[in-house]
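In this document, chain identifiers A, B and C correspond to the written order of the chains, with residue numbering beginning at 1 in each.
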Amino acid sequence: MKKVFERPHALSDVTLHYCPGCTHGIVHRLVAEVIDELGIEGNTVGIASVGCSVFSYNYFECDMQEAAHGRAPAVATGVKRALRDKIVFTYQGDGDLAAIGTAETVHAATRGENITVIFINNTTYGMTGGQMAPTTLVGQVTQTTPYGRKTETQGYPINMSEMLATLEGTAYIERVAADSVQHIRAAKKAIKKAFETQIAGKGFSMVEVLSTCPTNWGLSPAESMQWLRDNMIPQYPLGVFKEKE
Amino acid sequence: MTQIILAGFGGQGILFAGKQLAYAGMLTGKEVSWLPSYGPEMRGGTANCHVILSDQEIAAPMIQSPDVLIALNQPSLEKFEKAVRAGGKIFYDSSMIDRVPENDEAHIFAVPATTIAASLGANNLANIVMLGKVLKESEVLTMDEIRMAMEKTISARKQNLLELNMKCLQAGFDYQA
Amino acid sequence: MSEKVLMKGNEALAEAAIRAGCRLFFGYPITPQTEVSAYMSKRMPQVDGLFLQAESEVAAINMVYGAAGAGARVMTSSSSPGISLKQEGISYIAASDLPCLVVNIVRGGPGLGGIQPAQSDYFQAVKGGGHGDYHLVVLAPASVQELVDLTAEAFDIGDMYRVPVMIMGDGMLGQMMEPITFGEPKKRNLPEKTWATTGTAMQRKKNVVNSLYLTPEELEELNNERAKRYAAIEENEVKVELQQVEDADLVLVAYGVTARIAKTAAAIAREKGMKVGLIRPITLWPFPKKEIANAAKSAKCFLTVEMSQGQMVEDVRLAVNGAKPVHFYGRNGGIVPTPDEIVKEMEKLLGGANE
């Protein structure tokens, strides 16, 4: 019998803890497929962060480190500088990357740190039960914005890709979405491109993946996909924001 | 054991002069320590360093009662003059300080070091002129030993400054009031 | 090799680290230890090593975490306020069983405090600092030569027991110059870093550097395993200097440069006929409990001298365990006690005893 579909080798054969309909599973798979296709599993060190993806060190077959909240880019820097010929990636959520770890993110980027960042933006702190994230949309209801995010008191969503693209040190920045087959195919291409950017030694690469959180959004998985399309993409347009030759 | 405090404005080469003493001491097989003041006071305020030369292990690196005080400005003199032990020596730059040190039990040496240095075309080397006088008036180290230290501590790029330093050292050594 | 050179503490420590095989330094500027960074930035490129100035102390310690996890000999250095910022990372490093060297050139605190020498970070260093049950091995050199020797030793102790090690100096030690030699450090038989995340090369199962354990039983077991290593460190790694303790009525206890001042005070006191000895802990953790308890059998009292409001004195009291009175004399805020002050204090305590 011909095998038409299988688990990527770089994705561990364990049950993921993610909620039904969460797109973390999809993005994990995409990263693992890319690692397989590039043949870099034995040469890669991944950095898990704090948030829903905290256990991602259990889900990838390559060597992994678990970083303190927000510190993944600094930890990745340490690994990359110690092992210059290894491929190093971080896997971070929006609270981790764009709130508590903003300084580490911006400075790893501006140093042109030759690492790849997979950035999951689902507009919420999922692990702790759905509080406002820096990426929460204006008017969006979360546990800590029960009346909707108000700009007068809670400010505006942060567009990390646009911001980081302005830095000289970044080599490749793209925003993709995990809401449809077409977008997921594009997401995989972007992730591959990001790893290839690192392999070519060009500098900091990041793929921002617009993702869903059905549990904390209070929507079904299918509704979540639609919500992402209707609400997130207008605030966070898809596309390549930086591509160094 | 000889305990020496050098003090003056930041920029007068206090730490450098102290380092020559410590280095020369080390080259002659002594135990030595060199403890500087540090921080914002070094920028324009009073800088000082404590240098100890000893035949035995040096315990406290900071000096309570110096055997020798080298003061290149008035605030430094005021800060340390009374601490000099009975029978100790105070060397002060009389071209910078217009009063006599207050310490009846110490030997006082007035040296117009800044003026002497300037006359040799070395505006910044009052510290070294002072050092020459210290060598003359105490048995702590010889001219040759300081020269050895300078050869080691002055970077290769600046070796041309060595002779000027030695000239100032000699001028201080030869100075008679 | 054995040529004597005159070097500042901060620079000597940096050179000693390089000679001990450290090739990665992550720092952030803070007085009074900036010379460490300055020296590293100059020297590291010459030995194909890395100096990286991080965006914060927080980032620097997490870079250390990453590099240590990758199996490298790695260090950072800072001074008190910066060390406070590093506490999160230090806790993670300890919890992930990673070896590294953290240097604290202590300045007066709390808060921004001052920049003059102090010993007021003792509690932070030996009682945790960060969260959770963990220890740092804390080494407290008193001279530039000892700083050099202990730097090499610190890396070895770290690698041997998979623990972070701290060298705690103060502004005085960092800034002063003394003659030193870089000898060949004693080589220990160090275990291979089979746990390091260096890439599997598809040859082994993956390594994970981690401190998250949501199952209480699992976390307790790991903590208990680590505690066994801590016990071994307490058994094997205590370093202490004893001076004239046997016949002493009063035993001074002091560490770092303060111990040298106490030494001068002890010499003056002996000249005056007071029977004074000195115990100088070189390791603050593990603490020389046995040596102090031993001294308590013969001494009449103890006087702990610190550049703080009294921190190590608590450990001295625990070691003496009520057998004899333990007194304290300290200056703080960046003020260094003088030998005369200490002598006066001893005269007060021994007043009747030596008449």
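Basically, contacts are C-beta pairs under 8 Å (C-beta built on N, C-alpha and C of every residue); 3 or more make two chains touch, one makes a residue touch a chain.
Keep in mind that this is a model prediction, so the values were computed, not measured.
K.L.:
Between the chains shown, work out who touches whom and classify the graph as line, ring, star, complete or other.
P.N.:
line
K.L.:
Pick out whichever of the two, B-C or A-C, is joined by more C-beta pairs in contact.
P.N.:
A-C
K.L.:
With chain centres taken as the means of their Cα atoms, state the distance from chain A to chain B in Å.
P.N.:
62
K.L.:
So, what's the distance in Å between the C-alpha centres of chain C and chain A?
P.N.:
Each chain reduced to its C-alpha mean, chain A and chain C end up 40 Å apart.
K.L.:
Quick one: report the Å distance separating chain B from chain C, using the average Cα coordinate of each chain.
P.N.:
Once rounded, the distance between the two centres reads 34 Å.
K.L.:
Which chain B residues sit where two or more other chains touch them?
P.N.:
Residues of chain B touching two or more partner chains: there are none.
K.L.:
Across the complex, what residues on chain C touch chain B?
P.N.:
It is residues 4, 6, 31-32, 115-116, 171-172, 175-179, 257, 260-261, 263-264, 267, 336, 338-340 of chain C that touch chain B.
K.L.:
Going by the contact rule at the top, pick out the chain B residues touching chain C in the complex.
P.N.:
Touch residues, chain B against chain C: 19, 22-23, 26, 31-36, 38-39, 58-62, 64.
K.L.:
Applying the document's contact rule, which stretches of chain C touch chain A when the two form their complex?
P.N.:
Listed in rising order, the residues of chain C that touch chain A are 24, 26, 50, 52, 54-56, 58-60, 62-72, 74, 88-89, 92, 96, 197-203, 206-212.
K.L.:
Quick check: in the complex, which residue numbers of chain A touch chain C?
P.N.:
41-45, 47-48, 54-55, 57-58, 60-68, 71, 74-83, 86, 103-104, 106-107
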